[in-house]
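See structure below.
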Amino acid sequence: MTDGMQDYNFAYLDEETKRMIRRALLKALAIPGYQVPFASREMPMPYGWGTGGVQVTAACLVPEDRLKVIDQGADDTTNAVSIRGFFARTAGVATTERTAEATLIQTRHRIPETPLREGQILVYQVPIPEPLRFLEPRETETRRMHALEDYGLMHVKLYEDIARHGAISTSYAYPVKVAGRYVMDPSPIPKFDNPKLESPAIQLFGAGREQRIYAVPPYTRVVSLDFEDHPFEASKPDHPCALCGATDSYLDEVITDDTGARMFVCSDTDYCAGRRAEGAA
Amino acid sequence: MSPLLQVEGVTKRYGARIGCEGVGFDLWPGEVMGIVGESGSGKSTLLGCLAGHLTPDTGRILYDAGAGSGAQDVTAMPEAARRRLLRTDWAFVHQNPRDGLRMNVSAGGNVGERLMAVGARNYGAIRARAGDWLGRVEIDGARMDDRPSAFSGGMQQRLQIARNLVSGPRLVFMDEPTGGLDVSVQARLLDLLRGLVRDMGLSAVIVTHDLAVVRLLADRLMVMKSGRVVETGLTDQVLDDPQHPYSQLLVSSVLQV
Amino acid sequence: MYVAVKGGARAIENAHAWLAEERRGDPGVAELSVAQIRGQLTLAVDRVMAEGSLYDPDLAALAIKQARGDLIEAIFLIRAYRTTLPRLGATLPVDTGAMACDRRISATFKDLPGGQVLGPTFDYTHRLLDFKLAAEAAQPEAERAAPDLRPKPRVTEFLNQEGLIQDEAKAEDAPPDLTRAPLEFPACRALRQQALTRGDEGFVLGMAYSTQRGYGRNHAFVGELRIGTCSVEMEIPELGFAVEIGEVEVTECETVNQFAGSKTEPAQFTRGYGLVFGHGERKAISMALVDRALRWRELGEDDTGAPAQDEEFVLQHADNIQATGFLEHIKLPHYVDFQSEIELVRKLRAAAGEAPDD
């Protein structure tokens, strides 16, 4: 495959397919939070490994782009390395690990800590785009619920959480309401990241296997669902990063020896490295 | 005063078979209409059409939501508006509580759903309303976090009623609400229903084959046979002095108590 | 001091090198050629073509070799290749009535015009391991009959002449293409059949079997099963007529199912239909049964709640490439989601510890 890649179009997908995806993206941006069906292609990586994000990235990339790919916040996890390599090879675009330098960032499960700015695009890989899926398995029914803004069931779920556990027991993929209309799954980001969904950057969500694209345009209102007396809380482990000392970043828990000793470090590797380079901690 | 519901010429066919044909009546605010007939008489089809579960082939169903908006044809309403009606102004009590409850959601969640559907976002307030309603249908508040699957048939039916009435509807449809319950449980449920209908000033359409139910609850009665209304009148009048041969048969076939 | 694990790129390269070595196996044993796979593992090749939705035995054989014999992996390779190909147009519907049959059987009529042709089947072999094959003895050539050129009209057409079987409506529009448009529900029959023909053989078999055991039972008889080659024709707009562009081997199964009827409509048998690339009769029969089960609404049957009657359930889960990808993706790191779960559980436990006992 290494040498055969020049036989493929820029960024792998043919132009016809890219146009189809761009049409879906434009529709998604026009109706924030609405899941637009699109004819997802088989990609050379398996479904569930970011094929939706990869297709969206392929449709957005131009030769001048500088691409960053993260998985779990890190640039060096295997799947991030694999996807970055794929585009370096098929599109020949420059890559970076610096959030601030990237024009397009593909992510799985995190929003970078460094605030995004206008002109940047954040592409999310989405496993299950339907926020109502585990309440109602039938696609025909969930689409109707969205169409009629029939979201009572969503709050019933949150009510049941509090009744049983005393708190809303959703810690990631925490549902949000976008622009006051559609309830949306923000992909499995920790709820710590939810406030960052209101952003100057363009946010695009691609679900390959489920054939859906949706979007949050810049500066769009994104509200995490909650109750007045049980308000949404963007929580994280209550520690500073053991490497850079940050207290405002999301942390991975690392088990350091077989007696169960553990430490907490930034999940965003670029953020952590940047702080250390600046001499923090 | 104008009627709450005006039903005009409602017909529903299943292929060549008649479900119900040319049914019309007015329902006034606070009035309870009973529809009786044996199984296959078309009473459930009619109820399905009235409540928006089935689309009639012809006919109009005009509902006056009040607030000066005038009567609107429910069959011609957009789906979104009809659904809003179904979860606010209207309620539907199924014969089998399993059809009207979420069996995997707690009793409190079941009662709270209609409140949340129309925008209630205070957990404590929702819970308080749910607790109040459980009390009104004689379910111990301590069972609020239990699932309906742990309830007896009679409790499930009372829970279904609470779930429906919590939003303060004006019109309730009931399909054999006491069917499938023991006789003693039926009597208690009927008492409860009668109290609620009176206290809340509800209008209701009740379908049943049980004449004792309509005797107790209904102001007026329609007798249906083969999809058509054969007799209509005040409940006591129809039950005590039936005119149509079929009504006479229906009344005489019930043991007098 | 702790240093986060690095070197993802290096690890991936090494893994690929190791994989290549494992694929080759013992270098002392001759390497398997693509031609050998294509010529001797034909049923594997056929399955990869059918579920890969690409009729190319050479590529399918290559994919099997590359995938170390993992057929789902091979199907994935073919699908990923197929999706990069342009779609130039649609062929005319293949006329399976004019098939040059290698095998043609009917379970509903003992004899029929065109005759029964048993063909190369495992059906009546005794499943005893044949140790002669291990000895790599030369295979004596099978005796050859003169080609049977009698026309073989479809069995269901005989029933149709009498009006005994429900007529299939001719589709007005060109069928939708599952690979070019997202699957949306409710799906038309053409779309359902596309999903089934490229669906996982095991899944479709399991669904079909469940209908036989009572979950959406529809009393199927194999009206006809035929395997052979059909010519593929395409209309060339510049020419204004159709030309043959090649031929494909396909397996077709038509089932004759329980009759439907009412007071107004006389009783009639109903049909299920299965068609797959290559020699794949297990899959074709399974497909026909599931196709029939999914038609309950159109035929006015009851929804018994059986899985095989549930269009969304069947079509959303039949594709093994979607299924295996999503299933295996749980191997990928989920540190972040897991971390947020750990944190929540700790918090809930702490809150429970603070609560007074009651």
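The chains carry the letters A, B and C, assigned in the order they are written, with residues numbered from 1 in each.
The rule we apply is simple: contacts are C-beta pairs under 8 Å (C-beta built on N, C-alpha and C of every residue); 3 or more make two chains touch, one makes a residue touch a chain.
Because the structure is predicted, anything quoted here is derived from the model rather than measured.
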Chain at maximum distance from chain A, centres defined as averaged CA atoms: B
Chain pair bearing the highest count of C-beta contacts: A-C
Centroid spacing, where centroids are CA-atom means, of chain A and chain C in whole angstrom: 34
Computed distance of Cα centres, chain C from chain B, in Å: 49
Of all residues in chain A, those that touch chain B in their complex: 147-153, 155-156, 159-160, 162-164, 226-230
Parts of chain C lying in touch with chain A, wherever the complex brings them together: 1-2, 4-9, 11-12, 76, 79-80, 82-84, 86, 179-186, 312, 316, 321-322, 324-329, 332-337, 339-344, 347-348, 351
Of all residues in chain A, those that touch chain C in their complex: 8, 12, 14, 16, 37-44, 46-49, 51, 71-74, 76-82, 85, 108-110, 127, 137-140, 165-167, 169, 171-173, 188-192, 209, 211-212, 235-237, 242-243, 250-254, 256, 263, 265, 267, 269
In the complex, chain B residues that touch chain A: 79-80, 83, 87, 102, 105-106, 108-109, 112-114, 116-118, 121-124, 126-127, 144-145
